[in-house]
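Have a look at these structures, which come just after this line.
Next come two complexes, and both contain chain A; in the first it sits with chain B, in the second with chain C.
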Partner chain A sequence: MEEKRSNSAGGVGGMALFALIGFVGALVVGWGIFPKMLYSQKTQPIRFSHTVHTQLGIECEQCHHLGPDGRFAGLPSTESCAECHGEETGDTSANGKEIDKFVKDYVKTGRQVPWLVYQYQPDNVFFSHAAHKGFECTKCHLDVAKTDTPPPYYENRLSGYSKDTMKMWECERCHASMGTSNACFVCHK
Partner chain B sequence: MGLDRRAFLGLVAGGTVGAMFTPIPWKLIDDASIWTQNWPWIPRVPKGQVDYVATTSKLCPAGEGLKIMRVAGNPILAGGNPSHPLSCGGVSALARSEVYMLYSPARIKSPMKRNGKTFAPITWEQALVEMAEKLGAAKGAVASISGDNTGTINEVLTALTAKLGSAGSFMMPSEATTAAKAMKLMGAQGQAGYDFENADTVLVLGADIFETWGTSSRNRKAFGANRPAGAKPANSYVYVGPTRNNTAAVCDQWVPAAAADLGVVALGIAWHLLKAGATSNAPGFDTFKAVVNGGFGPEDVKRATGVAPETLAAIAKALASAKAPLVVTGSPFGQGLGAAPVIAGMSLNMLLGRINKPGGVYMLPELPSVVPGALTRAAMLDGDLPAFLKGVESGKTPAPKALLIYDANPAYGLPEAATMAKALEKIPFKVSFSSFMDETAALCDLVLPNSLPLERYDDVATPYGSGFCVYSLVRPIQKPICDTKTTGDVLLGLARKLSIDLKFDNFQQVIKEKVASLAKVSGGFVAKDVMPWQVAAGKPAPALVGGDLWKALEAGYAWTMVGQAAQTSMGFAAEVLAKAVKAGKPATATVLAPYAQLRTGTPVTGMPCQDLTTVPDTELLGDTTFIRVNSETAKALGLKKGQMIKLSGAGVDCQAKVHIFESVMPGMVSAPLGFGHTAFDYYSQGKGANYLSLAAVVEEAGSGLSMWIAPEVKIA
Partner chain C sequence: MSGHKMEFPITWGMVIDIDKCTGCGACMASCQTENNVEPQREASNKLRATSWMLVYELTNDKAFPNHDIAYLPRPCQQCGNPPCVSVCPVIATDKNENGGIVSQVYPRCIGCRYCVAACPYHVRYFGWYDPIWPEGMEKTLSPMTSVRPRGVVEKCTFCHHRWTQAKDAARVAGKDPDNLDDGAYVTSCVQNCPSGALAFGDIKNPKHKVHELVKSPYAFRLLERLGTDTQVYYISRREWVRKLGDNYLKSE
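Let's look at the complex of A and B:
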């Protein structure tokens, strides 16, 4: 009988309190801990300084340009970078060491740098940069032009995609606002 | 206040409700759905820098220039090269498969030696030793077969065969072999080239010019260039043949006529031209005139072919009144035509004064040879391989002791395939240089795989049908994927082992010498800003800037020349026409009218696996191919749609289903070629029947050439 009373006495208030604790706890886990668990943080193989290059007056399009067929060339190849960074500098500054690391590991070995691309789309998406060239790059991409160290790359442990990969609803929202077709075949060939 | 049951339930309920206001359930569902698309066996699109490199298609007989798209150095896609005169940006289904074929399951991955009924891998050195020993013992009785009509490799192959003591060097029969025989009988010099770009009225007799005849990609571009969308066409095309094939379907007019009657139709048109006053100074004109007037009047032609007199008269009138008429003759399925129809068609060009004229037929000189002792192309084309193999099979011709087979699949790609295979079995030592395990390679003692065109140096010199001399480079854009070698290198290595001097150490040297010799040819230029048909029409040919030809070829441009082999004795060969072309009674038996398509590959390539998906269900369903008859023929033969039937001819039976198709003329059974392989891979093997095996080879009267243009078949 005593136990029954105890239950009924603290019952509703206690239950509400624990429900509140559960509710708040779930919010903390869901918004605070879950994202950190879902994504693994990775750093770029070379600490490429966009700041240094933009300060030299290099335009984005000099390295990230459209090909003659309208196809986006994406990232520059090791050979393109080696046009300026073909030899080790021996410079002991942080930037100099990074350049030498690039030359030693990639230029001398003829390998391509396995850059972690923040916004690769899945293979089943046909995205044409040529069709979107009227937009500022930063409308969709991270504004890396002002970074001395590339931002961390967050990889979704479950899907394998970057955290910054644009989702389909984002594409659709922009298309709808621009009055552009959202038909399947526009992006999925 | 402890965590009792009610508190626990409250905690869970609160947590659950709270979770609904967080990304956890929604994000997990979304990511899980994406995760299900990430199975490791799904091929990934490679990432990396995209670039394009130029080369030329060698798998496709049309010889188009290609732009190969690469991602991070890996070839991904083959497309047409807009700067190349045989492509102009166009590409055939077969040329497009050049990249895919690199990974074909049918590729031979290393040299192999027959071990009983199977093959065992050997090293290249072992293969060379074995070959040197066997060929050394076979001296004086070594034969070779090539399926490559355009490569300088033929010079190496025939020179080596000659030094070993040739029992014959043969080309696989094609439009080129037939045309070469016809030109020889007419006393003509050079290879007939057709200037579609400058022609305004084109009569096509049988030749499937937009699919399998000659430079088909270029032909399509030339056709389209003068027929801009929405504007009045600047040219007109008439097709004469047994089916409304891919060529007839886009021509202005289709005139149904059996393939066996193409010569009759041509001479029927000649009758009208002669009546209108056409004449010629060429040798044999008077005899020709007598032959035509004696048996090819409108009623004769109507009785023999069913072509109405007014149709013939209209065609003749259109040709006679055109500024630049052109007549093209060929086989509706790319082979088997006799020489006489080609002579008859060429006679029309002569009556119209179209030899060596813009928009007409250019007699193209052969490009200089660089390997000492090699056969000329004309000499190679002069051989009659089906006749040779039939002779070997019957014992009338001594079997060679050794046979070298390059880029050819005679056990599948010749008529009477069973007879040809028996002949091959009589030859004690056979070497195949095929890249794929085809039907012929499966019969050979040694199989020494050639690297594929994207992995080797090679060349394409004036494919048959081109209206101008043209030379383009095939160059390696990646290392061989398998343990394969360029056959040219293997043959030159073999020659060294046998102490035979062929002047060169490797095949790249041969190609470089060829290019160097072209740089010296007067009138040659790189087609870049000016195309050869523009030069033919009167534009000055640009000068060839010396020294850079190799670089220009590597960049994908072609060396070209508007050539005109001088004609001193080109005549009508009327005596051949008199014997071979007869306006007799129409055939009463059911006649096979095969058709070929580049999407089903060639005997050498098998069916490109990616192209298999483009074959419609009305052509191949499951493992059964369809033959096509029109409703009139179906009614006469008692056939119904979808009915399984048996076709018999040349001692062979083939299964097929019936497809009712009104684009086939009455009395004809149209059947697709390229199916029914017993070798290659899953994508080719056992898919339908090889209807070419139903065709019996007959000797053409007057020329002696083997032909199988209109085989009769029985249906049960």
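Let's look at the complex of A and C:
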């Protein structure tokens, strides 16, 4: 009896300690280690500064516009960038070097820049930019207009999708609050 | 969901004139390329091959000189009361959207094939193999339709992606996306039919020509007595063809 009582008295403190260690450990793994393991971090091939371009008075729609048939044209091609950046500048500033890198690697070789699209959707999703024209771009997209260096791109190691890809529940929640249909074929193909 | 008919303000319908169909198969070929159906490895194996649009040969079973044949193209009939929807245990297929097109969501499908068994028109196909495009042919893949993996059921969607594109084009042109012009949205098979046997449009819109075509005295639907209330109509001036559209007793 004596032995048993002393055991249980020591067990309460010990158990609380172990529970605390376990709890803190779970938080560290769940909030810190696992998300880092799940996503691989990538940087854009060219450090494109949206701030520099918006300060010049260029509107979002000048580069990211709808086509005449209503399809979203997405990101500008190397050719449209080359309308301004056709030649190497020889500028030794950080921005100048980046422009020269773009001209040398893509304009001269005629290749397209493999930009990482933060919100690329799976191929069974149809998203109509034309239908959502009434909304501010930043309602769904990162406000890249205020970034000098593009934010890092996080790729889910399991699914291969970007961390910023809009999830189905987000689409559905907005559709429900707007009174828009949530039928499968409204968005899926 | 089951057992009751759904009504939609827009009802996309197809009208197929069997007397104009030459059985050339252009609808089948254009459907396969439009909808990323893999090049069939053994198309003669009818239990394993996939063809969202399929042309059947009909015959009146009479000897010369009374012998006659007809060809019947068969897309998904987009039933008003779809037997496939009521049996789906995971709501991978549903009819709940304006337009009345029976949807099929491949990532949600578990491949149980209840719907394949339930469909009286055999429009549903199970993917028995991983789709493979021989080298070079992957360039024919369309970004407008998703590719199905092995183990899910697929079917004709009335080229639903073309509707979304047509709506976008209308929005940019400042037109009403819910009141498209006749011909603004047609399926791939209708567009590619060389003899003009296929027509497509909104059955409820008086400005669309199918609105009149379905009222033809020669118009009929397949297995109408089942109460499926399909959105695909057939036209034939030959009585024996119309008779083959349903099951009749000898006395009828």
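Rule of thumb we're sticking to: the second predicted complex is superposed on the first by the 177 of 189 C-alpha atoms of A that agree within 3 Å, B and C clash if a C-alpha of one lies under 4 Å from a C-alpha of the other, contacts with A are read in each partner's own complex, and residues count from 1 in each chain.
Just so we're on the same page, contacts are C-beta pairs under 8 Å (C-beta built on N, C-alpha and C of every residue); 3 or more make two chains touch, one makes a residue touch a chain.
It should be emphasised that the depicted structure is a prediction, and the values quoted were computed from it without experimental measurement.
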item	value
Joint occupancy of chain A by chain B and chain C, clash or fit	clash
First, second, both or neither for A:16, with chain B first and chain C second	first
Contacts of A:112 with chain B and chain C, given as first, second, both or neither	first
Touching partner for A:123 - first (chain B), second (chain C), both, neither	both
Contacts of A:25 with chain B and chain C, given as first, second, both or neither	first
Touched partner set for A:135, first chain B, second chain C, both or neither	neither
Per-residue contact with chain A, leading partner among chain C and chain B	B
Which of chain B and chain C A:71 touches, first, second, both or neither	both
Chain C clash site on chain B (candidates 79-87, 151-159, 457-465 or 619-627)	619-627
Overlap of chain C and chain B interfaces on chain A (superposed complexes)	69, 71, 122-124
Touch list for chain A against partner chain B, complex	6-7, 10-11, 14-27, 29-31, 34-35, 38, 67, 69, 71, 73-77, 112, 117, 120, 122-124, 156, 158-161
Chain A partner contacts - residues on chain C that touch it in the complex	94, 96-98, 101, 103, 105-107, 143-147, 157, 160-161, 164-165, 167-173, 177
Contacting residues of chain B [partner chain A, same complex]	1, 3-19, 21-24, 27-28, 31-32, 34-35, 37-38, 44-45, 47-50, 52, 72
Chain C partner contacts - residues on chain A that touch it in the complex	66, 68-71, 122-124, 126, 128, 130-131, 133, 181, 183-186, 188-189
